[in-house]
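The structure's right below; bear with me while I get my questions together.
Each chain gets a letter, A, B, C, D and E, in the order it is written, and its residues are counted from 1.
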Amino acid sequence: PNKPAAESGGEVPEKPAKAVTLNILDVAGNLQLTQGMIDDFVQQHSDVISKVTYSKGPAPELAGKIKAQQNANRVDIDLVLTGTDGLAAGREQGLWTDLLTKYSDRLPGMKDYLPPAAKMQELGGKEGVTVTYYPSGPLLEYMPSKVPSPPKTADDLLAYAKANKGKVTYARPANSGPGRTFLMGLPYILGDKDPKDPVNGWDKTWAYLKELNQYVDFYPSGTADTMKALANGSANVIASTTGWDINPRVLGTVPKEAAITPIQGFHWVTDAHYAVVPKGVSTDKQAAILQLLQFMLTPEQQAKAYDKGYFYPGPAIKGVELSQAPQESKDAITEFGRPEYDKLIADNPTEVPLDAKALVAAFDKWDREVGGSKVKKS
Amino acid sequence: MSQKVRTIRATPLGWVIWAVVVFFFVNLAGVVLSVLVSSFGTKWFDTWFPSGFTTQWYGDAWREFTLFHVIVVTLLVSALVVVLSVLVGAPAAYVLARKNFPGKRLVYLTFLLPILMPPITYGIPLATVLYKFGFAGHLSGVVLANLVPSVPFVILTMTPFIEQVDPRIEDAARMLGAGTRSVFLKILAPLLVPGLLASAILVLVRTVGMFELTFLTAGPDSQTLVVALYYSMSAAGIRAQQSVDAMAVIYTAMMLVLLVVALRFVNPTQLVARVKEEPSE
Amino acid sequence: MSGFDQLRLDGVSRRFGTADALAGLDLTIERGEFIALLGPSGCGKSTALNCLAGLLPLTAGAIWQDDQRIDTLPPEKRGFGMVFQNYALFPHLTVRDNIAFGLRMRHLPKDDVRRRTTEAIEMVQLTEHASKLPGQLSGGQQQRVAIARATVLEPSLVLMDEPLSNLDAKLRLEMRTEIRRLHQSLGLTTVYVTHDQEEALSMADRLVVMRQGKVQQLGTPEEVHTKPSTWHVADFMGYRNLLPLKISQLNGDQVTVDLGGTPVRGSAQGAVGLGDDVIAAVRPEDIKLSDEGVKGLVEVVEYQGRERAVEVVLDDEVRLHVRTEQRVDAGEQVALTVTPGRLLVYPS
Amino acid sequence: MSGFDQLRLDGVSRRFGTADALAGLDLTIERGEFIALLGPSGCGKSTALNCLAGLLPLTAGAIWQDDQRIDTLPPEKRGFGMVFQNYALFPHLTVRDNIAFGLRMRHLPKDDVRRRTTEAIEMVQLTEHASKLPGQLSGGQQQRVAIARATVLEPSLVLMDEPLSNLDAKLRLEMRTEIRRLHQSLGLTTVYVTHDQEEALSMADRLVVMRQGKVQQLGTPEEVHTKPSTWHVADFMGYRNLLPLKISQLNGDQVTVDLGGTPVRGSAQGAVGLGDDVIAAVRPEDIKLSDEGVKGLVEVVEYQGRERAVEVVLDDEVRLHVRTEQRVDAGEQVALTVTPGRLLVYPS
Amino acid sequence: MSAIPQQTSQPTWQHRLAERGVDRRLWLLLPATVFVLLLFVYPFLYGLSLSFQPANGGGVLANYDKFFGDAYQRDTVATTLKIALPAALLNVLAAVPIAFRLRGRFRGKRLLTTILVVPITLGTVLTAQGLLNYLGPTGWLNRILLSLHIVDDPIRLTNNYWGVFFSLVITGFPFAFLLVLSYLSGIDPTLERAAATLGASRAQRFRRITLPLLAPGLATTFLLTFVLAFSVFPSAVLVGNPAGSTRVISLAAYQAAYEQYDYSYASAIAMVMGAVELVVVAIVLVWRSRLYTGSTGGKG
């Protein structure tokens, strides 16, 4: 697979000279949504892509690996599926090929993005192509049997936490999607000065979190642990997102009865997955990738992104209905989905997440001032 | 030696020690079983046991990560790393155990550093080097990268074992015409079996568990189990707790198989064999 | 591996820390010779063997095999055989495999190895124990394995470090004969360290008596036995009576000293002058109980089989060790004569 | 630790796998005795000492110290001292610390420990080597450390396993005296394994001759030396000439056998009858070269210092070992006589 | 060549070198040395130099200043030592008596040894998951304690110091045990018997004979377990409190590298980490070099 990347700089042809093999690396769990699309493409266009190998890895180490390959001039990863974090990390180090400046016209599907997905695409810049999107959270999840009247506002939540010490929790933001969504969503709920500036603009948020901290026993190191805590009763209210609400109940790790509640005045802090091409990938492969991405951005294919609610709803483009989704998806979402989501998504504003730098600063501040202060206490 | 064997002697201190060991293992069994049970469970909320059992998680993991291939690669990588690191490391350990020479401290430090330094410091440049020479992306790259901490590890663990061997035994072999190679193969190796086995097992464990260097140098066909495990554990996205448990169980099961094979391959009693047995009582 | 005509140790020295274990050892070994190294414990015998074998690097000096300098060759290239003082058996190999080890290293045909090994095992009378591990053997059995292991190879030079020390008298005699036989029939060259004088005298062509890392005397067994070159050698060679006396008469080599008031004749072994303080050396077996002569009182009698070891105190408090077949008892008054020519007089 | 009056080994057996190393050893040791264990290599001497010391559990039998059964006591409770055949020095402790080890275990005052250790080091002549590690010592030096380490404790029973095997003749003699002195002055009881008959004869009050794990003969040195109870013992005790002969005349204990055509008188050592096949045993030193007697041809002459070991072949191919002070050469025709009363005749 | 001995200077220096330990056997070092030089030293020096090239400008030592100037970062050193030292010590010290008791021959020895070694296969992830399951608030342990009324509320043993500590013991103990047992098997039991005849009790024999002979091996075992414990990372996150009481130094390095993508700073932190380990290792090695490290009689 190690071919010197000499032919990576030139003009990208419409179609590869001969069918290529693609190595796809997923660091976002995106294949769960898109592997079906890719497989379909390969099946239908074996003259473009003859074979795909998939590999998976955690996002943080991604940049290092690509960098090592590029330094050695032997890139053997052709397409990366990543979230905002991996995308930004790579961009900062100049790892990604700028596809869109020259070839955006080959991806007409991008014109049909849902408005918030389009905003996410702006974050993607000229390198990343949004392939799936979801509004995410923040939401609160609880067990109705234990919490008959769930907190509806931020103050409610605080009061509930105070009354039920140790029963409210969220995962450490750096390790958890719902955790960070909760963190990023709070400034909107509390009406902070600058929701995009965690260091100087989040006074209310930090004050709130520190107060809440007094009633939190510990912050689990992953969302799964909070879900488990909810399921086994050691926590009553946790932070969640649409996907984390539906999918674990489909999987059975959280009881079906679990319910969600929005916090009054919240804005969705959206999330998306991107496809990016590392620098050094041959023009033939780039051509194939462009064709593949265009294929993936058709409504028919996007419908597969409903999955089992994992990235609910999932499709990034307009006009994709659940009815178009595979039967399995339909069944799962019919049973475990929530009708109220449509309304919540329609009625609440959406915001793009913090950019990478600001997010890291927020994590750092949270670790130092919220999570880390636990040391002194216990 | 007589056929008679003794049972464990029971001094008061002995009982305390065994009690602690038993306590440790009861709890350890709890730890392991809880994962095992969970990996086969459907829903497990606030109860003693899951509400039902299924093998679904294993099936999912098997398909998602094409585990068969991954396990084959893992076995291959770990076998190669173990063999190569012993081959390269044991002679060096020999010299460090037997000889005093100028610059020994410097050499020792050089061998210590790869163990002390976290892969963060050298992983990426190492991967670059390996990519440059066309190793990375293949099995060979993964093996080479894993050798970096493994070789010094073998050196460090083997040194005391070699020190224990009486040099006159080697002298005797040389007098009988054995060259260095024969001394190693015919004399030292059998005497060092417990040491070789111990350090091989430890290298094995470390290699199978070495995520960072493996990930950095692996290509799509040379991923090992630990990459899949870490992915399932820490990658973004939603994953049933049970499926992580299932991966962990698969990982442990594979390691266990390797351990058992290692112990079979070399006569298992040799793990604790000694040349001079204590007299049986 | 090949034979040689001459082996020459040339100022061979070995230092441990600040102490010289070997201080300039010079020695020439001819092909086919049987040389015994003798000397007090700690005098450097084992060190000398180790240097010859190549197991210890020299501090100074050189070892020549004919025209080839071999002191920088590694042991396995020298092709010498060695019986170690502490045996150094391979603990993980059976008796048979220990003995076959060297043959296997030479890649001899399997049948040859088996045959020669079996012969060697028979020679050292260990047939019943052939499949035991060294840890399961008695001390003497281990020592015999060590002998068999070194000699089965029929090396051009065999170095033996006290190879019979843990064997009983009968077996020792048998092994001695066996070793001599091997030495002669195979034309080996042997350097043999022993603390047993009888062994050294009966087996060796030449004796090397060492002291503090240096050669003290080199000669045939008879020379060394009857004419020790210094009183140290004499002391070591069984001249148990070392008497500080004065020369009362001098006539060429013939001197007369005064022993317990009686003048006794002896032969001078170095430059001595009239009235000098000298050391007179005589063996217990060269002093005889007789009717007249030096008078003394029997103090200790020790049974030693055929003979008795008797300690006699003379009038001037000098103690003499005497061996005799006669029955004497402690407290008896006896008279002693020295076998003529057996009293050696050394400058002190 | 406390003294005892009597130590009784009662059918002590030890089996290794299927082989008996000790097969029902019975032995009573009185307080203050010096007992030497003798026997061919591998006969079970070390095993017997190990059983006594408590280092090897018995397969059967019991050991009684006065009225107390001690074979189940751990070694440290028995308070016996032991010199191991292979020394078993502590490799990480210096000579001084090795020797002081036992004293420290008794929690003696520091000064006492220092004084007694220093004395012991002097006794074994290792003062210069006191701060070396065992690995830096010569074989004989190590052996001396082992002796000092065991005796410095002045234990009620000292077990010594060939403690002098690696020392030269002179030092051996000195150490022997030292050990006897310790034994006597401290009133120790000593069990001493040696392969050196002279040592056994001169040091011990009683000898125990063993063979294949059993006692063959038990008696004073003189008894064992002059009247071995079986031809095996005789063989072991230096009766090198063991001749399969026929009895030609019988007169009570007095028998006549036919040696090389010449009738020779001997004394019967068991039930023998006229015409029986017997084994006649005689020591080399009890056969004299003379003018008439048994005729033979000198085949081998070995120099052994004062004497020569001569091998004579008789007309009927029988080989005789002879020791003589006379000068003879190979090929000479000689006549031999046996010292009267020194030919022992055993049933075969 | 003439038969007359020639005192050429060349063999003399060979002697000299041989006496100082320089001889042909040193070649055996070559493969390992070349290997480490090629594959480790260059990348490592690269990482080292990277640590002196701060991403955000500043002096050569800016990264180090940043680390030591920030109490939150600086404290990770102490935090890590506080976890790693006791865990490594406990592992080694616990392994000694157990291994000691497993010497000799007795029924069930093989089974027992295997059981003690098997946890080595668990891996950090299973251990972490298991600890979370088993020790968690509704895990079996707390269930048992609650149903026996030993405690009224579930006790917290995970997501804090103890969680990490337990995980280090579970993964580290079998490791230490395996090494100690093997080292122990190389010591000649005759020596202990000799000590017994000199009146040393079991405890004294252990302390005076076995322990000193085992000490070099123990030092090595301690080093290795310590190094493993010091670089504890996944379990510090999974069963610890990664923002607080178990914020170990490797976590700080990880955050710098993989959350802030500041490899230069991460390198600097990792260098500090290596340096701290080196200090501990050096102390142990200096101590070890003063021990007796020769043959222990068991193999010859």
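Observations on the model:
One rule holds for everything that comes next: a contact is a pair of C-beta atoms (placed from the backbone, for glycine too) under 8 Å apart; a residue touches a chain by one contact, two chains touch by 3 or more.
Per UniProt, the chains are B = ABC transporter permease subunit; C, D = ABC transporter ATP-binding protein; E = Sugar ABC transporter permease.
All figures in this text were calculated on a predicted structure; none of them were measured in a lab.
Path length between chain A and chain C in the chain contact graph, taken as the least number of steps between touching chains: 2.
By number of C-beta pairs in contact, chains B-E lead all other pairings.
The distance from the centre of chain B to the centre of chain E, with each centre set as the mean of the Cα atoms, comes to 14 Å. A straight line joining the Cα centres of chain D and chain E is 54 Å long. Inter-chain centre distance (chain A to chain B, centres taken as mean C-alpha positions): 36 Å.
Chain B and chain D have centres, each the mean of its CA atoms, that are 55 Å apart. For chain D, the set of residues that touch two or more other chains comprises 16, 55, 86. Looking at chain E, residues 23, 138, 188, 190, 238, 254, 257, 263, 294-297, 299-300 sit in touch with two or more other chains.
Residue positions of chain B touching 2 or more other chains: 1, 46, 123-125, 128-129, 166, 168-169, 191, 230, 241, 244, 275-277, 279-281.
Across the complex, chain E meets chain D through its residues 188, 190-191, 193-201, 204, 208-209, 212-213, 291-292, 294-297. Those residues of chain A lying in contact with chain B across their complex are 1-2, 23, 25, 27-30, 32, 53-59, 61, 64-65, 67-69, 71-74, 76, 83, 85, 175, 177, 222-224, 227-228, 231-233, 243-244, 247-248, 251-253, 255, 310.
Put simply, chain E touches chain A in their complex at residues 72, 132, 136-138, 154, 156, 159-160, 237-245, 247, 254-255, 257-261, 263. Interface residues of chain E facing chain B in the complex, by the touch rule stated above, are 20-23, 25-26, 28-29, 31-33, 35-37, 39-44, 46-48, 51, 94, 97-98, 101-107, 109-110, 113-127, 129-131, 133-135, 138-141, 143, 170, 173, 175, 178-179, 181-183, 185-190, 202, 216-217, 220, 223-224, 227, 231, 234, 238, 250, 253-254, 257, 263, 266-267, 270-271, 273-274, 277-278, 281, 285, 293-300. Taken in their complex, chain B has these residues touching chain C: 1, 166, 168-169, 171-179, 182, 186-187, 190-191, 275-277.
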